[in-house]
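As written, the chains take the letters A, B, C and D, and residue 1 is the first residue of each chain.
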């Protein structure tokens, strides 16, 4: 059974169809990328999947559960973690605190635990700290020395990395990355590509939106192409590269495809 | 770093300390002046009344000092702004108590602040005399708590008897301001009026700050009363009268003694012609102590018209002075002396304290005739 | 033994503050100053509780006096009508305030920004009007008088001193507990909501639930302050709880520094202090007050203490900050162990 | 009686509407709630009062001067609370407006005194028509309100400035890119909104024949309520909601109890906030 199944997802914005009948599915351990020209509905698709905006119609089954009507925090609890196209970190919190918030779903502790710090709570927090360090270690010297820095003081690329780290902190079954390489220089993009590969090797399932075709083509197992809210193609990179519809969708709008 | 910050935070406290160090307690020198504390809303929503407190008390002290003070000792005023806020009032009360030169306190204006302060004054054995606090439970707070103004119990029932018994009115409409003053006024007025056999055809109220009474007045107009009792201070009464006039509500008006002031006529003009009120004091009052007060007030504050609140404050200071004169500089004895005061010739009438330390006075019946407050011929 | 001495050093600032304030009456022998401190103390409670909502959770409530009033009225009513003592009135006041907060928060906290602000303002107004119009229970505009003084072992609180100690203990307790809480998972969650509500919800935080919890918690503390207020002044009336009062609390928080554990203390101390110090210039005081607020926002919009965080506990021996050391703010363990360097 | 009550409600409603329109204009364009709108309203009334009673000016002069003075104060608040604080959090701006409300209120008390003063007018005749009493001042209130709405409508709809204001309200970044001097528009809008508030102050002062420092407080709250009811940023919404609120209050007093006047208007406010935050006329996207 597939990890994620999206059936006939539709989203209307007062007459404007942002998504019309998008269906696809993902297997565990897969890397799928979503591409499409600007305004194709990629981010809307993410928002619908994670429950941030209500869907007009359609169904999402995730890991055997129907999560169509889940609000974002329940979707996160079910195992989805995402990043945003425009970075949305908690700017006045430190890197580690950001990660700790990411671990919200699978930790406990409310007002009483917060005041009295019982033994189980201390243990949990200590474990969280170690786990946070382990995740940051993926980014090596770029984030590790900055554990206690406020993220608003970080560079752009490091903030993108922190956001990914925060998503990883929730131990997601599915990681949704919205343009992880946006605004990065080629070197940084290469590092991001490597990171995604490393994550896949560790058994993560990743769905991501990206404009950088070199990255898309080199890491994706499969590509879903959206245009005007409609899925126009799906398949492995080699197929997509040759697909007439895709080329037209891109070329017809702007000369962009760098691949 | 954290330690440094903490020290800094503690320093803030330390730095704030000297600010409060004003209330030190030195023993009063033998011939040091007698201090009378005044607490009143100099700022805030009731500032216009606080002004009457200030002027009334200032005048009283000036007159006392011109006559050589109390037993030869000059009197000083210590005026503090309470904003009619109970929290402020309590702090001021504590300041007065810790200042041994203070022999008695006049204030506050409204009941909330007066009562909060009374909780402090009473156990500390310092006399507090409020000219205007009207809450029925005010003087019951303690032995040291006095009033110089009559309570609404007296005043409102006096008015009700005047309206029903003397004037023979049977259909009375009532509007009142929903604060402690208005509620007590209205309750006593209605109780007595009903007992005398009148019918209350409309009972309306509004909260402080409301200025549009047309809806209530329209209701009252439809009830067709033969007397309209206005349980408000003068500013609201002026609005009520003008709005009633605009609505074509033609009915005899009656209100409490606080209306007996010129601004009411200035603001409402012909709309208040014929309005009746009882009076402890009004500008045209011809009783000698009242006239003396009026003349002196206008001499000291040219261009201002005295008001019954000013007269009540003036009386309160004089009552305190009377107590101090008899008892000397002894807070506890001053109380006993004051409680025993009988037939005191005040600007607001001849005054005697009852057992509850509420004053009893004879009211005058007054009316606006030819745009002037005059003794009512009836 | 070692553990105990460690704990003592760690809590030195708190113990120091406790010692300072407890001995204060010994060298400041003035009931007036004690009363000023009691007033500051009440405002510290109120402002600290508002800090949970406005400072940590990032909402902008301007109706906090409503819960203050509910605490005061709740406690005063049960004490005068059922002849209970302060110690029974206090939890009742807190309970009533928290119930009201829950009822208000539940449907409205999904609102954002200005809308929420307006709801808090409107509910403040409505609750005050209820105090004013429900005569049979609240005494209407006559208020409630004769509220009993608190007593401990049969000793009544006649002088300001016991009130002073009571409020100082309450303040320090609330501040220390809030400090701990705001560093915990719960506090971090609130801060995350303040920083970015949407990102918070996508990280598994049930935003509405946590907002409600913050709101209710703030109401509980404000209710306690209200109950104290009622038994301290012993007479309450509706006008003390209108939104002018809410504005004062908001201003104090803005002054001291929202989102800062000591901000409320500084804000309340300075604003009450300024009010007292400028008593002589009564006429200009409020103008000055407003001007100060405006200037503050222009030059130090994050309040006097700014965004800096102050630790109420000190770590000793000081942890050498290396890449892998754990900062005090995350782990609250007393042992210092070597972390496994998770990666090289 | 019913008709008379409805008519009373209209008069009160029109003052609510006027102050709410200025408010909606400010919220819509600057996305900033102003807590000192009520105090600017009060200042307007006082300035007009000064013109008429101290300088013996005509009523028309009073209107003009009050309009200008309120506009000036509005521009000042905008400059300090918005321009100087660009980049700071929205809450800082709110607090600045709270600060200004304290300053204005107490300054007015210092300048004009705390007591209620009457607005000297010689136009005070009343006539009866179909059982309803009209006063001349009511007619003035209606006339000025309606004129202002028409002028405002024309300004926003037909002039270049109006289009710039609307563009800024919709999307200030886009407007900036299109060459609109956004800062100037902000100042202008705030000044205009405040001026309308000041004008409402004059009308209320005239209508009730009273000016006093605290007159703005409750009025400011009612303006809030009317704005929410009307959809926060919608100008026709604010107008209709203002009249609606005036009616509701008067009918509540007339047929239920005078204690319920404010309970009703705030209960409606909260009801709308919970169940229909976009108000009667707001668009969905106006909620931010």
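Simple rule for what comes next: contacts are C-beta pairs under 8 Å (C-beta built on N, C-alpha and C of every residue); 3 or more make two chains touch, one makes a residue touch a chain.
Predicted model, so just to flag it, every value in this text is computed and none were measured.
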Q) Expressed in steps between touching chains, what is the minimal separation of chain B and chain C? A) 1
Q: Could you let me know which interface, A-C or B-D, is made of more C-beta pairs in contact?
A: A-C
Q: Please name the chain that ends up farthest from chain A once chain centres are defined by their CA atoms averaged.
A: B
Q) Just how far, in Å, is the C-alpha centre of chain D from the one of chain B? A) 35
Q: Quick one: report the Å distance separating chain A from chain B, using the average Cα coordinate of each chain.
A: 71
Q: Averaged over CA atoms, how far is the centre of chain A from the centre of chain C? Could you give it in whole Å?
A: 39
**Q.** Between chain D and chain A, distance of the C-alpha-averaged centres to the nearest whole Å
**A.** 47
**Q.** Junction residues of chain A, two or more chains touched
**A.** none
Q. Which residues of chain B are in contact with two or more other chains?
A. 43, 178, 207
Q | Residue list for chain D, restricted to those that touch at least two other chains | A | 106, 259, 262
Q.
Touching pairs of chains, all of them, please.
A. A-C, B-C, B-D, C-D
Q) Inside the complex, what are the residues of chain D that reach chain B? A) 1, 4-5, 8-9, 11-12, 106, 109, 113-118, 126, 128, 133, 135, 137, 204, 208-210, 212, 214-215, 217-218, 249-251, 253-254, 258-259, 261-262
Q | chain D contact footprint on chain C (complex, rising order) | A | 54, 60, 107-108, 111-115, 117-119, 121-123, 125-126, 129, 132-133, 247, 250-251, 254, 258, 283-284, 286-287, 289-294, 297-298, 301
Q | Touch list for chain A against partner chain C, complex | A | 50, 52, 71-73, 75-77, 81-82, 84, 88-94, 96-97, 100-102, 104-105, 107-111, 113-115, 117, 121-122, 125-126, 129-130, 133-134, 136-138, 140, 144-145, 147-148, 166, 170
Q) Of all residues in chain C, which touch chain B in the complex? A) 13, 16-17, 20, 28-33, 35-36, 39, 129, 132-133, 140-143, 145-146, 158, 160, 233-235, 237, 239-240, 262, 265-266, 269-270, 273, 275-277, 279, 282-283, 285-286, 305, 308, 310-312, 314-315
Q. Where on chain B is chain C touching in the complex?
A. 2-3, 5-6, 9-10, 12-13, 16-17, 19-25, 42-44, 80-81, 85-88, 90-91, 94-95, 97-98, 111-112, 115-116, 119, 123, 135, 137, 141, 178-180, 182-184, 207-208
